[in-house]
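Each of the two complexes below includes chain A, the first together with chain B, the second together with chain C.
== the complex of A and B ==
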């Protein structure tokens, strides 16, 4: 797809030059040279080649705050993604964070490795090899090792999900053969790697006989929901976010919780909120857990701010500034606990929090729920 | 940590070695490299089927 096609696909021709995108952009706030509006203008003026070589192409967090507010509905994140695909063909790539370790793991997964990464699941409860419900765990086993130094316990979230599912009489399928969903590679412009990972995952899930796939990771959920269907058509199974399943369980009465947590506030992950439009599910759980002790941050729901980096690339001082601002915003609500629903948000905000003293704890929503189940 | 990651990926962690050799220890460097090369040869082709 050339720049012309990318512009067509994301409707950049409808740009009114109003600048709402740049005014909404968390990156532009901390890095004034970055401007979505100018990038769109450049593409329209036929200067797209400049964009492909520009480092700023990789500075966009693809958080979708601009798209949410754009009066012409220009999908700027998708425009960036399509341009990145072109830039990769020209040999440019983002500055990978964590020494490119995560991208290396994703690449290795396309080379036919035999992973051994589900021991934790059997420790947590009952899991099956075949069945109706497939639990797509995502990168948690890898995060558990890579981010242990931050004190982030990503796998405990997956373990809690198995416990909660077991409690409701569901024995989910977990698989050693499951690969990364490909989200990061897709947003890094590496569409070929994405397609390899994705087609493998579809094979694994279909072979398990699953009728529905449960996700906790917002990125996995959104990537299956949007990009898997765009690339592969009908998936042949239902995809459901864990919080929607929890809502069903509450309705059926198969779980009940104790109300007594607080004061807490909630950070909307961009993939779950603005992109997948899951705002109420998490809030319903939070209200059940904390009642009036659940308070909103000033910028919430569609106005929420990104956790500062995306796709394991381009973590900069700007990212840190965005994260610290977000933490201060959480503290200003009077909450003692900032709840997140995405392990990446948890990792990034924990990293920022570790740099200074702040009376704030970070907690994953699923773990908070698991602790309150009666 | 890399060993743990290799383990998750189902790659034999024996394929990774970390040794500190000072610039004054030329002989030891040769020894470490030779023995590790031999070990890799003994272990055979890696399971990935790339960069054999």
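== the complex of A and C ==
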């Protein structure tokens, strides 16, 4: 898709040149040369080639803070994504984080490698090979190994979900053959790799006979919800976020929790909040767990700020600055625990927290829930 | 006929039959002299809708000072006598004209008219649906209409730019003061009765040396309560003492207009009312400075551009090109405005005393109902539909529309339209064959 088509697809020609995007952009505040407004302006003035050669194309967090507020409803994150597809073809690349290890793993998965993904699941509880409910685990088993050094225990989140589902009488399908959902590849600009991963996942899910797929990872949830349907049409199964399922369980009375968690606050992940519009589910759980001890940060829900880096690319000192500011914002609420609902947020904020002293603990919402179930 | 509702419409151009419900005011407007003695004595205070909730009014009231006819009205729901079934009747007692009538009923009036002119006005867009501006969450972010009331000599602050955060603070202080006075009155009585100072008593009581008396438990608890109230009051009073009127103002244009999320149209008058409000605020207090944030300041009209420039030169108004991205709040309740100055290409944030949102002009809430009742079409924005070449004619012959019922416009334009609509109506009334049977409007 060339720049002109990308501008058409995301209606950037409606731009009023008002500056709301740049004024809202967390990156522009720490990296003054980065400006969504100027990028749109350049594209519309026929200076797109400059954009396509600029690595800053990947500095955009695609957090959707600008799109949420844009008075012309210009989908700037999607515009960036489309431009990245073009830029990659021209040889421009982002600065891959972690030596590109995560991208390599994603590429490897398209080569038909064998994964042993279910051992940990059987340790946690009962899982099935076929059934109505498919639990899409996502990258947690990989994160578990890669980010062990940070002390982030990603796999326990997946294990807790199996335990909670079992507790409610659900035996989910967990598959060895599940691949990465392709979110990062898609946002890196590698749409072909995304399509390979996605079509494989669809085959695996369909073969399991599942009627619904449960996600905990906000990125997987949003990618299936939006981009899988955009690329492959009707999926033939229902997509549900784990927290929506938890809400149903509370309603049915199949789970109950103890209220007694200390002062906590909550960080909305971009994909879950602004992009999938899941704001209330996590808050309902937090209120059940902590009551009045759940306090909001000043910038919450639609106004929440990204965890500083996305798509395992262009992590910079600016990213650290965004993360540290977010942590300080959490601390200013008086909370002792910052709860996240996305393992990537957890990883990024833990990384920032590991560099300086702060009386703040990071915790995953699902794990917090699992601990409080009576 | 004010304070009335249209209930039914039938007929056609030249001969419309209307049924109007004239709502009960519980005050006979022919007798009422508008002296206001009833308002003075009425014991019930409620939120004042005309002052957009910033002030209070009584249950018997006049909606606003210049209202016509100059009469009063009882808010039945909040009235002790009418709404709450209590014995009151104070307003009837003090009314020298004998105008108060608790038995008054709604009346139905049938009208026969040749033409109808709709001048139903507009509503102000509710900015609380824009999360990034924090309206409703940040006290000192107000709408233009709220600001207008604060600035008005007949408004809740008599024209002083007191900030809503401090108005709320004063309410809190007054409530605590009232409690404290109550405790102290009771404590004084106990001190007198037992001939002992409270401080002395508390000391003895805590040490268990006070002895036995039926009063002592209560006295100790009162002393405790008074101490708590005093402790709460001290920091609040300190804050109140440091409070000042708003001198550094920000005006944010296009709140809810020129925005695909809400209304795509330009509300057209807000640029000028922001300049005007900034000018008046500066007239009230020469230290006032204002920043107007806009994409383009649409000073479209004779003398408007000159007015805008005069504001910049003589009223400390700064025009900043850039739509505000978000508003946060500091510990002293000052709003912080975040924006990109598109002329300098830098992201800035600045702290203000008060932020005024130039809210969009939206169709009044009753418009869809009225359109259904009269069988009229609405345009894509929800205003009464007209054709650009016959801008006063609605989709039904004999029914005309003027002012903001037709779309956003300022006062001079509304006045011009009103005259034109009256002329169009007269045309119908004097030329329609059936006109002789009806009255005319």
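Worth a mention:
Note that the second predicted complex is superposed on the first by the 374 of 374 C-alpha atoms of A that agree within 3 Å, B and C clash if a C-alpha of one lies under 4 Å from a C-alpha of the other, contacts with A are read in each partner's own complex, and residues count from 1 in each chain.
The rule is short, and it goes like this: a residue touches a chain if its C-beta (ideal position, glycine included) is under 8 Å from a C-beta of that chain, and two chains touch if they have at least 3 such contacts.
These figures come from a predicted structure and were not determined experimentally.
In the superposed model, A:323 makes contact with neither chain B nor chain C. When chain A is checked against chain B and against chain C, the one touching more of its residues turns out to be C.
By the touch criterion defined above, A:69 reaches chain C but does not reach chain B.
When the two complexes are overlaid on their common chain A, residue A:35 makes contact with chain C while staying clear of chain B. In the superposition on chain A, contact of A:115 is made with chain B only, not with chain C.
After overlaying the two complexes on the shared chain, residue contacts for A:16 are found with chain C alone; chain B is out of touch. Shared contact residues of chain A, touching chain B in one structure and chain C in the other, are absent.
The touching residues of chain B, counted against chain A in their complex, run 1, 4-5, 7-11, 47-50. Across the interface of their complex, chain B is touched by residues 101, 105, 108-109, 111-117, 141-142, 145-146, 148 of chain A. Across the interface of their complex, chain A is touched by residues 131-132, 254, 258-261, 295, 321-326, 328-329, 338-342, 345-347 of chain C. Interface residues of chain A facing chain C in the complex, by the touch rule stated above, are 14, 16-25, 28-29, 32, 35, 37-38, 68-73, 298-299, 301-303.
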